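Have a look at the structure below before the remarks.
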């Protein structure tokens, strides 16, 4: 199964444990990005995954590329101008929330020109995936996303959109950008807060997935909520409760949900895909950092414990 | 709002996570002290905070001074003889309790001579604060505390005593020392175990605060218990339940309660002060180390979730 | 009280916190081994503990010896051929399980020749202890174990077997090896999963201990389950519930249960021994690493909170 | 002695030892900035030092402020828009050079408006100091620098310029900016490479200092070269060889040279000032990070070993 | 330029700085292997590099694969039986030598079956490279090496042998194995100690390279000594002195010498190849760990400083 | 060979690398003490070494005992009152010197009562060793030292004094204490600065050793200087130059010199003893911390490189 994705990535700098950014003396370095997180999850489940992007030609950009290649994702990202996007992150502890300083303005990915990228991997893809935060970053990235989806569909790929981060659709222009892309999307993978932010719709996941599919003409819709997840496909809805999780770091979990769902969707049936997606989400929460480090057998072991709500 | 405090500080040396002092290969270094913890909390809420003390003229003493200045507390501590007080601390995990080796005998603060300190900051203070552990350390510090409270009151300040650590009033002579100071105290900020140790009194916080205020003539009494907190002032009692907390390190939390309460008391009404104090206590528990690292907006966000028991 | 043990030890290499072996950049180094864990627990409770083994003549073998000596266990392990056994360990977080890569094949202990060891400590022992994993490692170690138990019993010692790890009795030949040794065993200290793996027996601990004692002729049987523990001795059964534990690392806890039980058994009555064993199990779970780092007074403090189920 | 400075500061993120940015798993966090480095050096020698700047209102900006306050520098930096400037730094080892990724575009300091700053500290300053990199950053900062120097001189201060980093005068417009400011400068503290970059002048330090003073009308000129340093003042030149140094990290050393020289200049005679400056440069090289952590007595001890070339 | 290599890799576990294996509390984790080190060096210089091997199907084997992929080397290593080879390493300090515990017996690579590997990358290679330590490990690996060299040569590749580690040719059977392979080798890259161990030959590098080429019929011979390096090709010898190096860790440096030399050889002329090889050797010594982390421009900058002895 | 020593030990807390105590965020924990350092060195060379002392009954005291036992030194130190002595240490870098804050006042060892110690190990010792810093600490320790030396000599032991730290004989009363003990001393192991401080004598080591032996009646005198070492015994003087050393941490090196010398003296001839002592001194300097971690074969390998000046 070939999964091709397009998007940016940030270096994430975070203190140990529950220390605070304001006073921590050392920061660990990780890579995160909605689409590359998903690509890594897919690769770990056996997919042939690729990531199109643009990176700065400096040690930080090379680090991002190296980290993703180490997780067996093909990196198709010309080194060019701009800086490496950063996220400073600190883990909260109840009642203190996770904190973050997003420092991505001027990132190299903003200068991404789709036409200059090698598009072979898009043309042969089984699934082409992008998350909502990519087109809403800039007009240039919105155009690149549109071309990406079109090229993929023309090549016979299933196109998929991740609507996972409510902050990515924070205002009307974001929503407008998104609306323009939706006709080119076959599969929507979403979280409840992002669906509410984008479409003002909330409620039981079985209903919401059905409504989204009907109204928007998606082939498949997967939805993740706080305690459960549902997937609508071919007039059938499947639903699972999320397993109990000892959470270490939630970053990247929803993206792994998307990656695992798309692999499962192409490989087999929707129910199994959703089960795997729920397990991927759980596993990513148990490790620090955003990039998934699970094996297929670990995912299946957790998947077996997942039950209907 | 000007808060001036007097007391000692220890360097706290602690292993990572739940490792034990007996076998840990590295110790992190923090600063802690009942009054300086409170001063930092106050400073973070916008107060102009100062700390009177005495420090050894060596890298450890300079470290204490630097750490507190970094949290925007004015340090008025002549460098002199004596050693830097230390606390070796290890975090427990149920059923193992937190462990500590107190190694403060001979600390420079024991040689503190109030008359040789610059007292301008005491004279202009809105609130002058000291915790019970300071006067009960030595006769010299008991005298210094008495002068501190008198100078402050003469200057028009509200005087406040922290009765937060039961170990500070472990025997009769401690209690005697304390009794001698009480007439000079306007506000008592206390924990239930310390009140029981000092005055043999326990029970519902609303009752205890009222009783203390009546019998001892305090203007204001704030009391922190395991699950709730109360404050008596001007014949009215306010009460809040403590929020759920994922505790990382309790050190300093009660002192932040005191610091936040005193800032709130001067800034506005008692109810808001208590709400902030409860939030400060919760936030300090979520980070390693004793010195508070919260912002006013974080405190207010937590404060909003605090409700009556 | 003199406790003499025989077995192997591994260096345990583990990432910090919940990081994964596949991606962690640093590993902490610990020592673990069923019998040496028990010996350390016993030593910490005042026993004169010894450990017979065989170690490679390299920095890793010396490290194992040094670590155990540091916990006041006498190490009687000639340095010889073979390599140092290793265990790569990663801590899980629900729903991800603890992971381990056992890398002990070819370990120096496999070449252990009982006749070449100094046996004075076996002859004067009050208790001689070995865990099931030692004789089931190889024919050579099965023979050494038989000689060890015989020498001990001849010298007047109580002989004890730890049946704590179900993986140590994974197949029929393991069980056969074990059966051959049982007649030489006075005391069995076991966990419920290992009893089920070895003898196919499960159920209420009071019943299981009684049945094992009757059928196999043990003088004493102690059994640890998920939530409780029981001990049968002299026609009487004692039972305690396990205390609530904030678990950091379970490694070595069952071995400390064994070590503490055997010390208690020789020192006094079975009920006290079981109480101490349950407390030892709880305390070891609260620290990283396998080797116990508690004091007798800490153990007694926890023991006092242990109650009947 | 009152030293007031104006400039920006970066958080410096650096791997341990000689690890590389591309692959390091953790980065230590420090603060650096030409003027604040100098201010810290001055403060450590007893000066009353202040730093005017502008910082982002986030944990990173607060960190910069806290770090400098911890070194007893008064921070007069309104929290405003923009981001925290960063420098990624890796220490080289011969023949590999130190590496850095400068990531300061869009830093909050670029929005600094001199008129909105509290200028009392400028008006009462004995010395007002700025480094060439500050006015050459942007037109806004060039204007702020001009106002800063004028305000200081009007208040009776000696004005000083640091021409220490050749990269700060990389092109003609930088030189033009600098030329515009020179008439307002009394003291020039410079390095040989930066003098060559700015004025195309090189050679023996005694000659260069004299030439600069004559041609440009400076009252005092101090110059630091690879192996020696010289200072011209009142028609006299002093010269010292640099002591042998086991270099750990050169960052900030030239700024400490400047800070120590200015303190010495106000406190006493030029020769002593230069001796202290050379010692400060040496001491900063012996510790990781840019901010000086020496005491006056350490500086004097090194200063005593400094001799004429 | 396509470089294909065959060999094993070890996880290297090493204490920080100059700590000792016997007492260090934490070990850093790296990957090292004669051929994969060379492949990484080649990849960093723009080559399309591949590594054929066999790895255990566990987190340690996956880690090796991930690390190499992260350095953009294609890993063609089926996951199979056996364990992950390990090297425990400690850095010495004069007069204490580097220490190592090699723990590679039973490594998965010993079960490598060349016929089961995908050989496309061998057939299209420009250069096929193996180091002497691979065939001398076992008869199976000697056979695999022979097939590898034959397949490569049949496909038109230049074949190259690394004779870099004297320990790899420690006894006569090692030398015999090597002799059997030499006829299939076009290029020899060697160190002086290994040449002496294998062929009993030492002396001036220009002579030794010439003698080896004449007697053994190599097309090209490169030789690295303590202070210089030489390369013989087409009846011409080039020679360079090694640059001064502040050595952090020598591991992998000779392998980078080989990798860089082979890239240079295919890309252009021998003199440039040797210059780059000498620079690669120097750069790898400046960073901890075996895998090269330099860029082509860094290599060229160092190369420019390399001169004839 | 049995070596019995008497003295105190400190926990040494030190920042990483060349960080400073004033600002380091973490401190590593080591054990150091003139006599226990020597005992560990002796134990590593095969001696049966013991250490008499007194320790506080807390995790810090237990840590000291455990660390020394881990190096196979028998610890005969009753747990009693007092605190654990500490040393805060920071490594310098030229021209910055090593720094230390000695914090040993009130240490448990000050309460040592020789009569309450088990003296069997003193009576059977081949050599009894104490360093000058122990008797000069307090009158009580001076008395204990006198009893220790007398008991040892009565038992037939050679008595040895270490005069290694000039600070231990800082004033006249120290010298008086020392003079009182000298008649009971057979072997003096000294450094040049300490000899000058105690006896006002300096010069060529061969002369100084001879003069000390003649005037004071020592059987044997070993002397360590900056670049060489000498030993006088039985009218013969041996002399060696110190080998080149890449120094990491000098702490404990002179004590290892003493320990190795005494082992060599009993085991064989003085020349070999001095050679080993010089090698031990060199090896300890190559690792962080005070306790030696070398093997006999490492020591011999270095010893072979040691030559006459």
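In this document, chain identifiers A, B, C, D, E and F correspond to the written order of the chains, with residue numbering beginning at 1 in each.
Here, contacts are C-beta pairs under 8 Å (C-beta built on N, C-alpha and C of every residue); 3 or more make two chains touch, one makes a residue touch a chain.
What you are looking at is a predicted structure, and each value in this text was computed from that prediction instead of being measured.
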item	value
Between chain C and chain F, the fewest steps along chains that touch one another	1
Relative to chain E, chain with the most remote C-alpha centre	B
Per Cα centroids, the chain farthest from chain A	F
Proportion of interface numbers common to chain A and chain B (over half same, under half different)	different
Chain pair showing more contacts of the two, D-F and B-F	B-F
Approximate Å spacing (C-alpha centroids) for the pair chain B, chain C	46
Computed distance of Cα centres, chain E from chain A, in Å	39
Multi-partner residues of chain A (each touching 2 or more other chains)	17, 20, 22-23, 25-26, 66
In the complex, chain D residues that touch chain A	13, 20-29, 58-60, 62-63, 66, 83-84, 86, 88, 90, 99, 101, 103, 105-106
List of chain C residues in touch with chain F within their complex	66-67, 69-72
Sites on chain A touched by chain C in the complex	17, 243-248, 279, 282-283, 286-289, 293-294, 298, 301-302, 305
Chain C partner contacts - residues on chain B that touch it in the complex	17-20, 22-23, 92-97
